[in-house]
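You will see chain A twice below: alongside chain B first, and alongside chain C after that.
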Partner chain A sequence: MWKNLKDFVLGLGIPRLTIIGFLGFLFAVAFATGLAIPPLIGDSLRRVGMAGIMVLAMLPTVRAGIGLNFGLPLGIVSGLIGALISMQLDFTGFFGFFMAVLLGIPFSVISGIGYAWLLSKVRGQEMMVGTYVGFSSVAFMSIWWLVLPFTHPEMIWAIGGSGLRSQLSLRNHYGQVLNNFLSFEIGGMAVPTGLLLFFALFCVILYYFFRTKAGLAIDATGQNESYAIASGVNTKRMRTIAVVMSNVLGGIGIVAYAQSYGFLQLYTGPMFMAFPAVAAILIGGASLRKASVTNVVVGTLLFQTLLTISLPVTAQVITGDITEIARLIIANGMIVYALTRGSGKGGR
Partner chain B sequence: MRTKDLLIKNAVPIVFAALSILLVVASQMDPLFLLQEVITRLSRNSFLVLALIIPVIAGLGLNFAIVLGAMSGQAAVIMITHWMTTMPADNTMLAIFRWQGGLGGFLFSAIISAPIALILGWLVGKTLNAAKGREMITALMLGFFANGIYQLIFLIGIGTVIPMTNPRMVLPGGVGLRITVDLFNPVGRPIRSIGGALNNLILPRIGMIRIPVVPLLVVAGLCLFIYFFMRTKLGQQIRATGQDMYVSEVAGIKVNKIRVIAVMFSTVLAAWGQLIWLQDIGTLNTYASHEQVGMFAIAALLVGGASTKRATIWNALIGVVLFHTLFVVSPVAGQRLFGQSQIGEYFRVFIAYGVIGLSLALHAWRTKKL
Partner chain C sequence: MAEYVLKMNNIGKSYYGVPVLKDVNINISKGEIHAIAGENGAGKSTLMNILFGMPVIFETGGFDGEILIEGEPVQITSPQKAMSLGIGMVHQEFMLLPGFTITENIKLNREITKRNPVSMLFGKSMESLDFAKMNADAQNALSQLGMSLDETRLIGGLPVGYMQFVEIAREIDKGDVRLLVFDEPTAVLTESEAQQLLEAMKELTSKGIGILFITHRLDEIMRVADQITILRDGVVADQKPKTETSIEEIASKMVGRKLEVSEILRRSDLYNEKDIILDIQNLRVGMPGEEVHDVSLQVQRGEILGIGGLAGGGKIGIANGIMGLFPASGTVMLEGVPIELNMPKDPLSKGIAFVSEDRRGTGLLLDQSIEMNIVTPTIQVHNRFLRKKFLSDWLRLYDTVGIREHALKFVKDLDIRCTGPDQLVRRLSGGNQQKVCLARAFSLDPKILFVSEPTRGIDVGAKKIVLDILVELNRNHDMTIIMTSSELGELRKICDRIAIVAEGHLAGILQPDAPDVEFGLMMSGQKTEVV
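Moving on, here comes the complex of A and B:
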């Protein structure tokens, strides 16, 4: 028992222990300075639900041996197209939200297939190429946001009459619909039930997907490619499926994120959204080669809670906003740590 | 046949040259203005782009971590500017800093930034050795990580841990540096910092065009240095490491050490490159000046025809001219062609990211085929 615990703690690694320690410390400070903790936890839950699906998007590519999907912004901009069409057609409420999700999927599938093809050509450098696929897709779509023929007056710039705004308010469309679904409050802690259920739904789907034949084939592709081929798995196809899945999850993730945030962020908004998602799954215990739904849930909980409570807590002690800085250091530090670790196939 | 080979080999710069010419024509820009812009940018950016060459030859790929070098340069500029704006007028050091219109301060910041850059470069090199085969993504993430540390030091640390009172540079609350720090030295006023320290030394005018001779000479000097350095024993070892790590290891080259040295070189050069850049711009955007350094330098190098495995001095210089021509004309061309300069702005951002992505993909593709 004691030995198991010791193994578990050592297995967490220094960065994860530091993050857990830091989180504990923040809670202690919050408690000592008399901050109301329940609202903080409620906020954290909301942010877990917001970010969760985008973290989940990391899972298929890691399992397929492609590594972390740094090209997440590609899926995000594809999903945004669906969200915009739903808005243009003036769909509201739950219908608007689900139409946004559904209309985005064809775009994510198409861009995902192209992305998967590219990644199959650059084996071993998928993460680097993916990063720049993400960046350039955001820059490329920025041009299109200016010229696409959207006409809804709430979407385009009031002056000039063309080009999408950089932040589109969803208040009159489908803002907060998931958050408000079955939401309740206990002792000052607001629980966004619908949002959490939506995230949980995708966790369950992915969990069971990796128990189906296709899921196991993806696993086999990632673990030992030649063995997978020998057992009759079409590894190329499995890798494509994994990338498309990840891309689609990115698209759905951004719609869930935006409805909670209340705004669609266009132009450079999605540029750096892959990094927090990558960091979260790594904080949850994943590596470049191994990841599970548990890693996603634990990582998102730890990372988002840390980000949520660090602002109000540190504001009690020092002046200046440390949240953004903490996010940069923790997220990117975690990614660097994971990259320098373990048996990447890039190690030649 | 020879011409065809030559065309294929230089496909990237040729395509970008064609694109530049098209956009220049479309923008109907005053050619003299454009020439002035390109010369200024050549003197301002080339040093940073050249800083990328040695790691490429050493087989580390494109060193996105030159951002850390740029940060070292900025740290030095912050120190020098602080001293130059707070020292009593009769201080001897101040006289040295103000020598030749701030040249003393400039040289001094070059000296201070070197050890910082060497230490950071050593750390980067060690980290990249632990991530062989994934150097570029690791370097990129290291740059983002270091940006967090940089902000922690200069936004939170100044005024709390690091005592510093200087209303010119510190935010009104007394904690954290201002978003912009003025380095410019207006004519006839006392010299406050390193703004224009190199540019103003010799600034002849040919017709309407001002030519910053000294930065251009420094760039030429660096080109010569790299040329001769690659022919020394150390340079040859770096080249061998880049060609094949295992053969080199067997041949008795300490591969890991060579790789760290290559990164340290690059980081120090980047620190100095950032100093040259800052003295030209004249304003330090404390939290933003360094951020895009890696991306723009790398995009310029690639536009010049370099790959992640091969880079020459000419790639760097041609790349700077082509990339920055595109950079100057694309908003104007966007305005002329679509009536929206923003399209051009996003177009150039897309070019910067796209060219890096494309070149990485092409290279990875080619390596796989071999």
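Moving on, here comes the complex of A and C:
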């Protein structure tokens, strides 16, 4: 029993133990300064559920040897189109949410195929090119958000304007539907059960996917392309499938995120959404060539919890309003930390 | 006694306790061409590395023996030192800058400069280049080689043969060259260019330069060499003037007999020689370094066919081409059905399996378990080891229980030494990794098994086991085996017939008990038998 526990703790690795230690320290400070702990934990859980699927989107590309999908915003804007159509058609509640997810998928598949084709032309530079594909897709869609023929009054600029607003409230559509599903509260800690179940569902799907023939082919492609070719695997097709999967997960992820947040964020909203996802999976112990569902879950838990509780704690300790600055320093600092150790381990 | 430009006395070298050179003596007089012949792995390149003070020698503990240049003992500790002692090297692969002219390449870092106003102020590094003098020097060096070339042309567009001459011209231009080493210089040349090069070599010796000539083309040795040293397994097998030997003698001494002939039973009557299982016609394969130009070969059902030849001769390319791993053309028929080339899945699904020579590169997923390494191709090609159907074959889960059973059977049958089928392949020894590769190929249940370099990089005991496994598969499982190997000894041990491939063509097919000289001649491309 004691030995198993020891093995488990050591198996987490030094970086995660450091972060867990830091988290413990933050909780201690929070407790000492009289912050209420349960709402903080509830908030962390909510953020884990929100971000989780976008972190999962990193998994297929890493497993296929493409590296982290820095082009996640492409999947996100594709998913947003589905979310907007569902809103335009005035779908509400669960139906509205699932229609948003489903309607987004064709767009993510199509853009994913194009993205995969592009990545196949820039082998070895996928992460760099992906970053700019993400950025440019956001810029490109910023034009289209203005000209697409959406007419729902809650979506376009108020008082006779045209074009979509930059923040669209989902309150009357499908805001919070997952969060409220089976949710409960213990001692001030709100548990967004539906949201966590939705994330768990995708974790299970991906876990089993990598135990299928297709998953195995993607794994082989990523680990040793010559081996995969010599085993009769069409590696190019496998990489395309992985990129499309990642893109689709990005699209689904943003809908889950938006329903919890309560708003669809258009224009530059999705611009930097790839980075927290990248940081989370790396902190979870993944490298640029190796990742598992466990890495995703552990990483998302650590990263989002750290983000959630560090802000109130810093605000408590340091006077003056530096929350936004602290958030930037902490989030990006973690990305830098995660990327340096990610490339150090995986960039052979 | 003749004046020796180079004496290498009792040279010995071992890598990690494995001796690769022992008591090698080489003496080269002024104006003499000394040829070194030997198979791959005979120690030729190690000898050259010692002569050039390559870092690899010193990183692995130096060498024994001494080197004398014109009677003076010298310590050659770096390639720069070797050059300053007047040893020049003509490389097998060119070390030229394609964007520079011939003159610039020849004079690189030894430019002739003249003073100008800026250099008077800022020193010698700002002096301008004296192209007139440099061009004249370059032209002079080229003409010594019998070349008439415009020295202001860019290297980039030149035919490869000319590049070789530019390399040589650069060495000559250094002026104080006493010894030139030619390492397989004719490998990339056409017949007439090779001819011209040999002429140039003779011309150089008349200026008193000693030449060390490494090649496996025996006719070239006979044409230009004065002295011949034959290396075999790191020792001098023979050393004598050309006039006292013959091409046949060199060939047979080069190959030698390394293994006792076959304790394995021959059985030419057990299979039908008319029953062709695999018919290869006009196969061409673009595998870099192992190009196959035009090979036609019939494989008889039930035999073990060996493919031998020197490295770079194309023997490796044949299997890789048929398996679709490198671009290939031609026709390959398996039992009368054409195999689609350049489509790795097609030969696999039709019953041809391949154990790659590149074990750690193509053969294995090093960070995967033994069991997944064994079954992955079978899952992908035959949809075996999958659970029940779910939408499409691609979404069927793999059957961990079945896979474990299958792997355990192989671990036991092939005696794979491991902690269990879930051990990572990276942690296995070379011999056990090779057994995993064999298990992987055998899982596909092939009619034909291609095996390339099955014993490369594994220890002696494991070598025997691997060969025994191949014979057992062939005899008891009716598997036709095509084994490619650089080790003639092992081919002669287990094969029924041995095809020798030289310079991308089939040189001939020999019986395993054919005399050494036949093998030696065919491997060096001297003799082509129409079969």
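Going forward, the second predicted complex is superposed on the first by the 299 of 348 C-alpha atoms of A that agree within 3 Å, B and C clash if a C-alpha of one lies under 4 Å from a C-alpha of the other, contacts with A are read in each partner's own complex, and residues count from 1 in each chain.
Criterion: a contact is a pair of C-beta atoms (placed from the backbone, for glycine too) under 8 Å apart; a residue touches a chain by one contact, two chains touch by 3 or more.
Quantities reported herein were computed from a predicted structural model and do not represent experimental measurements.
Asker: Scan A:V129 for contacts with chain B and chain C and give back first, second, both or neither.
Answerer: Touch partner of A:V129: chain B, not chain C.
Asker: Considering only touches as defined above, state whether A:I110 meets chain B (first), chain C (second), both or neither.
Answerer: It touches nothing on chain B or chain C.
Asker: If we overlay the two complexes on their shared chain A, which of chain B and chain C does A:I229 touch? Say first, second, both or neither.
Answerer: Touch partner of A:I229: chain C, not chain B.
Asker: Given the touch rule stated above, what does A:I143 touch, chain B (first), chain C (second), both, or neither?
Answerer: first
Asker: If you tally the residues of chain A touched by each partner, is the higher count for chain B or for chain C?
Answerer: More residues of chain A are touched by B.
Asker: What is the contact status of A:L216 with respect to chain B (first) and chain C (second): first, second, both, or neither?
Answerer: The second partner, chain C, only.
Asker: Taking the superposition on A as described, I'd like to know which of chain B and chain C A:F275 touches: first, second, both or neither.
Answerer: First partner only, chain B.
Asker: Which partner chains sit in contact with A:G333 here, chain B, chain C, both or neither? Use first/second/both/neither.
Answerer: So A:G333 only meets chain B here.
Asker: Touch check for A:V204: first (chain B), second (chain C), both, or neither?
Answerer: neither
Asker: Report, in rising order, the residues of chain A that make contact with chain B in one complex and with chain C in the other.
Answerer: none
Asker: Which residues of chain A touch chain B in the complex?
Answerer: Chain A reaches chain B through residues 70, 118, 121-125, 127-129, 131-133, 135-136, 138-140, 142-143, 146-147, 163, 267, 275, 318-320, 322, 324-329, 332-333, 335-336, 339-341, 344-348.
Asker: Could you list, by residue number, the parts of chain B that touch chain A in their complex?
Answerer: That would be residues 127, 130-134, 136-138, 140-142, 144-145, 147-149, 151-152, 155-156, 160, 173, 175-176, 338, 340, 342-343, 346-347, 349-350, 352-354, 356-357, 360-361, 363-365, 367-368 of chain B.
Asker: Which positions of chain A touch chain C when the two form their complex?
Answerer: Residues 208-209, 211-214, 216-217, 219-220, 223-224, 226-227, 229-234, 290 of chain A touch chain C in their complex.
Asker: Which residues of chain C touch chain A in their complex?
Answerer: Interface residues on the chain C side: 323-325, 344-345, 348-349, 354, 356, 358, 361-368, 372, 376-377, 379-381, 383, 386, 393-398.
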